[in-house]
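Can you keep this structure in mind? I'll have questions shortly.
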Amino acid sequence: MIDRIPSGFHPFVLPFLFGMIFVLSYCLFGIVRILWQLPKQDVRKFLLSLINPKIIVKNVWEIFRDCLIHVKLWKRNKLLGYMHSSIAFGWFMIILLGHIEVFLFVPNRIHMFYYPIFFNYFVAEGPDMTIQGSLLMFLMDFFLLIILSGIVLAMIKRVHSRFFGMRRTARPSLLNQIGLYALWAIFPLRLLAESFTAHISGGSFLTIPANWIFRQFLGNDLNMLPTWWAYSIALCVFMCVLPFTRYMHIPAEMMLIPMRNAGIKIRDSRKGFAKLQVYSCPNCGVCIDACPMSVNRGNLKDCTVYLTRQMRRGNEKRIEEISDKCLLCGKCHTVCQVQVEGPQLRIMERSRRHYNLSPDYSNIDTQPLTETASHGKVLYFSGCMSQLTPAIGQSVESILKKAGVDYVWMDRDGGLCCGRPLLTAGRAEAAKELMHKNEEIILGSGADTLLVSCPICYKMFTEEYHLPGIRVVHYSHYFSELVQQDKIRLEKSDLCYVFHDPCELGRGCGIYDEPRKLIGKSASIAEAEKNREESICCGGSLGSLTLSFAQREEMTRAALDNLYTSRADAIATACPLCLATFARYSDRPVRDLAEIIDAQSSSTQKENQ
Amino acid sequence: MITEGKQKIWSDYQKEIPDDHWYYVRSCIRQNFFPASEKMFTEITQKVLGKDLYETPHHTTCGGIAYHCDTIPQETVMTIVARQFALMTEAGYENYVPSCITSFGNYCEILETWHEFPELEAKIRENLWKACKREFKKPKYLAHTSDLIYHWRNAIAAKAKHHLVNKETGEPLKIVEHIGCHYAKMFPSKGVGGAEYPYVLAGMVESWGGQVVDYPERRHCCGYGFRQYHVKANRGYSVSNTHKKFESMEPFHPDAIITNCPGCPYFLDRWQYVIAEQTGKTYGKDGFGIPVFTYEEMAGIILGYDPWDLGLQLHQVAVEPFLDKIGVEYDPKAKYLGMNKEDIMRPELPKSIKCC
Amino acid sequence: MKENIVIIGGGIAGMEAAKQLLVLGYNPIIIEQQDHLGGHVSQWHKLFPDMTSSHELLDGLSNQIKDANVFLETKVNSINALGDSYNVILNNGVNIVAKAVLVASGFHLFDAAKKEEYGYGVYDRVITNADLEAWFNKRADARIPEHPKAVGFVHCVGSRDLKAGNSQCSKVCCTTAIKQAIEIKEIFPETEVYCFYMDLRLFGKKYEDFYINAQRDFGVHFIRGRVSEVGETIDNRVQVKAEDTLTGKPLKVTLDLLVLMSGMVCNPRTNELAEMIGLNIDDDGFLKSKDNVYTIMESNRPGIFYAGACTGTKTVPETVAEARAAVLSIHHYLTQA
Amino acid sequence: MNNKDNKPKNLYEELCKDYRFKEGFHTCINCGTCTAICPAAEFYKYDPRKIVSIVQTRDDQQIEELLKSDTIWYCGECMSCVTRCPRKNGPGLVIIALRDLSARLGYFTESEKGRQLLPLTHIMTGNILNYGYCVHPKSFKWEDHKESGPVWKWHTEHLEQSLARQGANYMGDGPGILRKIPQESLDELKAIFDVTGGTERIRIVEEYSKAKAEEMGMDMEEYERQAFEYCSDKHFNH
Amino acid sequence: MMDFGFSLSKSSTINLDTVDTTLYKKLCDMEPDARICMSCGSCSASCTAASFSGMSLRKVILALQRDQDVRPMLSNCMLSGKCTMVCPRAINTRHLILTLYRIYDR
């Protein structure tokens, strides 16, 4: 390979250069701004993480895995996964190979950073055709073919999304359409340009035959320049619109991954990390199908993809609507390719709201609660919602008695709220006030274990509370221990349950297996079509501020329909809210985990004594 | 206001009032605050109309106020009342007329309770015998002194020298009535005209040429409330209730208030002074208050008695504008003179409300 | 020859019974005191819960009983047992012998003037539910101002009131009050409407929906407290006092119109009739049925049957259903005898 | 003396023995006609309906709280409520019965308004037993009744002349206004008080008050004066 | 001014002629379901905050119509949402409270 053009320059690279400089400076500016908006300690944390070898490896691996290969998407939908990784990885490889070529053959041009992009125009095939050269040429064509196949799929998806098993996709805006068509144009144009140049620069299995075909009826030399121009212009267009389209997610995600790995959290829905998340949203629309609110084609425009879009547009009215409606079930976060934290974004958005009146619990007397709490080693906290489902507390108590546990039910006659409903409503300060009161009661009780049955409270106690010396344990774990320690014995009934993973327990706390194991020992168990991480919110969630009763009913029914697919006799769950919500419409019995265990357990205390 | 509707109700509540031979018992409060009103009652009954009205020096309080101040048990008040009846029986009378509304209500209530619980009546007879060695018959007729004046209202009108009419314009004066709560609220059938639209005072006013005006808080208590007045700490209750009444009657611009209760005229009169002191507000014309009269005072005025014989000088609210309107002649200089024109000084005049 | 059935009372119960008796081939004879059929319903404008026009309803019924004998402005002078029949003598000299007599003499509206503290007949702006229906029909009543700013409805006037001599609930007043409140709001959308209630007894189909409508769509205010006293202000409006029992505070409001929901009380004429032939009277003053569960239409005398509000407070659909039931009972009685 | 000594087993049953209660309490439907026109509800934190409602629960604990509270002492016994009740109750009568029980059990000393029973008893029974009247010029001091106005100050300063001008027979023999009631009649009143529990009531009120005064660290005069004059804000709505 | 040792006290009667319901009307505009509350008390009965304070949403909605101070009640709400679960009229009580927090202007 030899340099064909002495100056190493042609005006057609200008559009590309312009686009490239624009997008790079935009991103640079963006990065600076995001860092600027982060609190000082977060910036420090982030910068330190960048020199931590472990995190570096992690970052590189995750960027490769998520940004190039789209492993998650593969898992979710092979066709979609292929489409994305073909384009992303293919393009990345083309750029990488371009650099290798420059490095190998014209190392003096390495500083001209358009060279790897337009390599084939600037070089001519030398007489010394090397294995390296032809291998690179082959790889170039290979990856271009891969990309083109991805583009074809993208075109098909655009026309017929069902083909990909997607029911809904986000509707792109005009700029996004321009970006999309520019992206589609880049690679066919590159193919054309390289094909027209292949008789000079050489090529491989794609470009050389194409060159041959074209030469049969076209003067290649004449067409060569315009196609390179077109290629450059397409690149320019794409890069110029990129910051204003969903394709911004490409650079943003590369920033997002290190920042997430550095442990940065969203502190403000409009600044810093949140902004990065918003820009990282690829608008793929996976969250639309996942969202439980989208049942019966309702609330379609209230999913996270629309939240990020409205946040980019600054449509305050819609931002508020979308933020307030969400159930905060967390499923969009789970399915999201770039892990945009839809629920957290919304909670922080709610926190920005100005209220003229603030909660004030200073007049609340916790003395009676403190007194109640100071009698046992194990403190049982049933949570306020369980007062509407008294069977849970009674069953827990019955099991504890059977197991001979020295316990006290601290909120038997009603206790303070754990603070989660306040937190999710964006009232963190008020939540803290309640948390302090609960902390005082719990720490002052002398107990060493806090047993929690409500997953909403459990999440709160494990994540937000500061309870040194106290083991916070979910009842599914605790009961498993009691079984293991042979303090209670479970007997299998001939009922078959399907376990509904409550949002706060599964996606919220990562507890999926313990309840299933316990139920499995007490009855047979079946699985619903969507379960575990994919579990569908019951619709009763306190997360939503605005959903009406009728709207929730639709969601509950849809969630029940999913559970019915298991053909189980009864539904099991482990959340008072799910229990109460399902019980309202279910055609079969709904039981809490504690109820099932209580019914199937017997005490071993007498034998042991 | 549909007058026919009221008249129909009035006609539904007529009680039988014998024309003569009454056994008279006095009122603690009236003797203290409106002594001349009781004087006027005996004057009208005995002298003007020539009726038989008997009073014994041995009768006492009925204990009603002490009872409603919760200071004496029910049996005590009942036995005091039984003693009063015994005095009547001993004097050979069977028509019983108390001067006090609290007493009247007390008697009605006790008679009703005895009627419902005869064992209690027996117990009281026993108590009375034990304590006083007396026996009694229950009165055949029980009326309040205002019932009698109502009964004789036309006879009084026939002898009237003045009418409740504005001398200048010939228009009837606008009079607001205030009925003592214990007159008919407990037993509507015991009052002339019932509990809602009592006619006992309205009848007098109409008969004497005036026009009765109704206002939304007409039925509201003056605020006496027994313990709510007798204990200083509670008097805010008392004045506030009167205030409420005056605020409600203010737009109607009444020329005077007529009452049949012992405490009410005192409270409606004095609280006007207190309200004026505390808020600066007066309810009559030109900084005066609205004069409040007992029915005997009103009768005395139209019969042409000297206002100072009627004890009108003991009102805090000036009565002179009212007297002037009717055209009653009086000697302003004689207002505060004692017996036989003895000079016993004059009261200080308050600044907050115009007085003479 | 067709069997005579005497129906005493030409209200909605009597009319419906006549219609059904005609279908079964009897000869119904309606005796009505007034100069028209339809009873209380004929004075009403619209009926809850469907806002049915009472006049259309009655017109329809009238057309269907053209073949019945109707004596208007007629009273029963006496009624005697005559073997297994009854001899009914009317005040126009007519004598009817019938094997079955249906008493459908209905109810009286409580005389609101008896609740003196409400000032019906004393204060200019106090009317009854019946007066308001009459106004809906004719739009002429000097007591109703052109643009009332505030209107109040007093539930339970003469009902659930031992002092008024009626312990019974009149059943229809709650729903009627809500219906009339909505109608007032439709005519005067800017008017504030207050309903003073003790309990809202909305037991029938669609009644609760009425309530929700009145709250949500018409903004009618419901105040839980029985009106204690009404007074007249200087500008002839009425000042109403009640306790707002839900806040535990006395409450007052000045209104341009106060509508008293007069309840149902027994028809004194019915009691005269009952004495003539020895029918049992219940302690609420209404006729006493054999029992109050299963045989409400049957009296203590064979051949005498009841329908409608002569035995207690009833809604229109209940009355109509009872009339049909009574006709069936009569039919069984006559065919089995 | 101990409150527990004479505490009846069941307060509700005790109330049921009272004739005022028998007459005044039947069944309550919480309609509020009583409160609507109640002069006390107008100015105090007070709702007679709730009193009847509490009594209707027959819950002794609640009744005891009531007997010890200021609540039962707000009523002015005007009996306006009696006229209105659709269930023929007399809330005012129920309150008289409650007050009577509170006095008998000494519960009245537990509340500010209840403690006023001592000065009231002294004024009322003093007037009755000393003069035969409930109100008497000798005990009606202008200093304690400034609201009676300057005219009354003048009247009391020239009491005998003024009363004579009004035609009274003040402290005189025979019938007439403010006559002296003969001693034998006063003796009869005293006998009635002795026989019917009136004297005993005075003793009970004084004894419980004395105990309370000690508890509050006051001498009797100070205690009585405070009961007569002091009014805290807590009774009012604002 | 003479010191009598007592004074006029303010009436506790709710006067609907003069009561200021601006806040209630504003609430109804934003949360029309506020109107269909029937004061059944389910919200208060299930309220987490009620056992520790005077919180009662039923009373809050009523108090707004009577222009009484709702702040002491409202400020104790813990937003636990049980009231929404139990409301027989399916009112989104929790959001109603948040709206009140927002528009409260006394």
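We call the chains A, B, C, D and E, going by the order they appear; numbering starts again at 1 in every chain.
Keep in mind that, in the parts below, a contact is a pair of C-beta atoms (placed from the backbone, for glycine too) under 8 Å apart; a residue touches a chain by one contact, two chains touch by 3 or more.
Keep in mind it's a predicted model, so treat the numbers as computed, not measured.
Shared contacts of chain A and chain C, meaning chains that touch the two of them, come down to E. Among the inter-chain contacts, the highest number of C-beta pairs connects B-D.
Chain centre most remote from that of chain D: A (centre = mean of CA atoms).
Relative to the centroid of every protein C-alpha atom shown, the closest chain centre, again from C-alpha atoms, is found for E. Most remote chain with respect to chain E, judged by CA-atom centres, is B. Each chain gets one centre point, the mean of its Cα atoms, and the points for chain A and chain B are 86 Å apart.
Note: centroid distance chain C to chain E, computed from Cα atoms, is 39 Å. Distance from the chain B centre to the chain D centre is 22 Å, each centre being the mean of its Cα atoms. Centroid to centroid, with C-alpha atoms defining each point, chain B and chain C lie 45 Å apart. With touch defined as above, residues shared between interfaces to two or more other chains in chain D number as follows: 37, 41-44, 83, 147, 229, 231, 237.
Residue positions of chain B touching 2 or more other chains, listed in rising order: 195-196, 219, 232-237, 239-240, 244, 274. The set of chain E residues touching two or more other chains comprises 2, 4-6, 9, 11-13. Contacting chain pairs in the structure are A-E, B-C, B-D, B-E, C-D, C-E, D-E. By the touch criterion stated above, chain D contacts chain B in their complex at residues 18-20, 22-23, 37, 39-40, 42-44, 73-80, 82-83, 90, 96, 99-100, 103, 113, 116-117, 119-121, 123-125, 127-128, 132-137, 140, 144, 147-155, 157-158, 161-168, 173-179, 181-182, 184-186, 188-189, 191-198, 201-202, 205, 227-231. Contact residues of chain D toward chain E in the complex are 41-45, 146-147, 229, 231, 236-238. Interface residues of chain E, counted against chain D in their complex, comprise 2-6, 9-13.
By the touch criterion stated above, chain C contacts chain B in their complex at residues 113, 116-117, 119-124, 229, 231-234, 236, 239. Only residues 232-237, 239-240, 243-244, 274-275, 277-279, 352 of chain B touch chain E when the two sit together in their complex.
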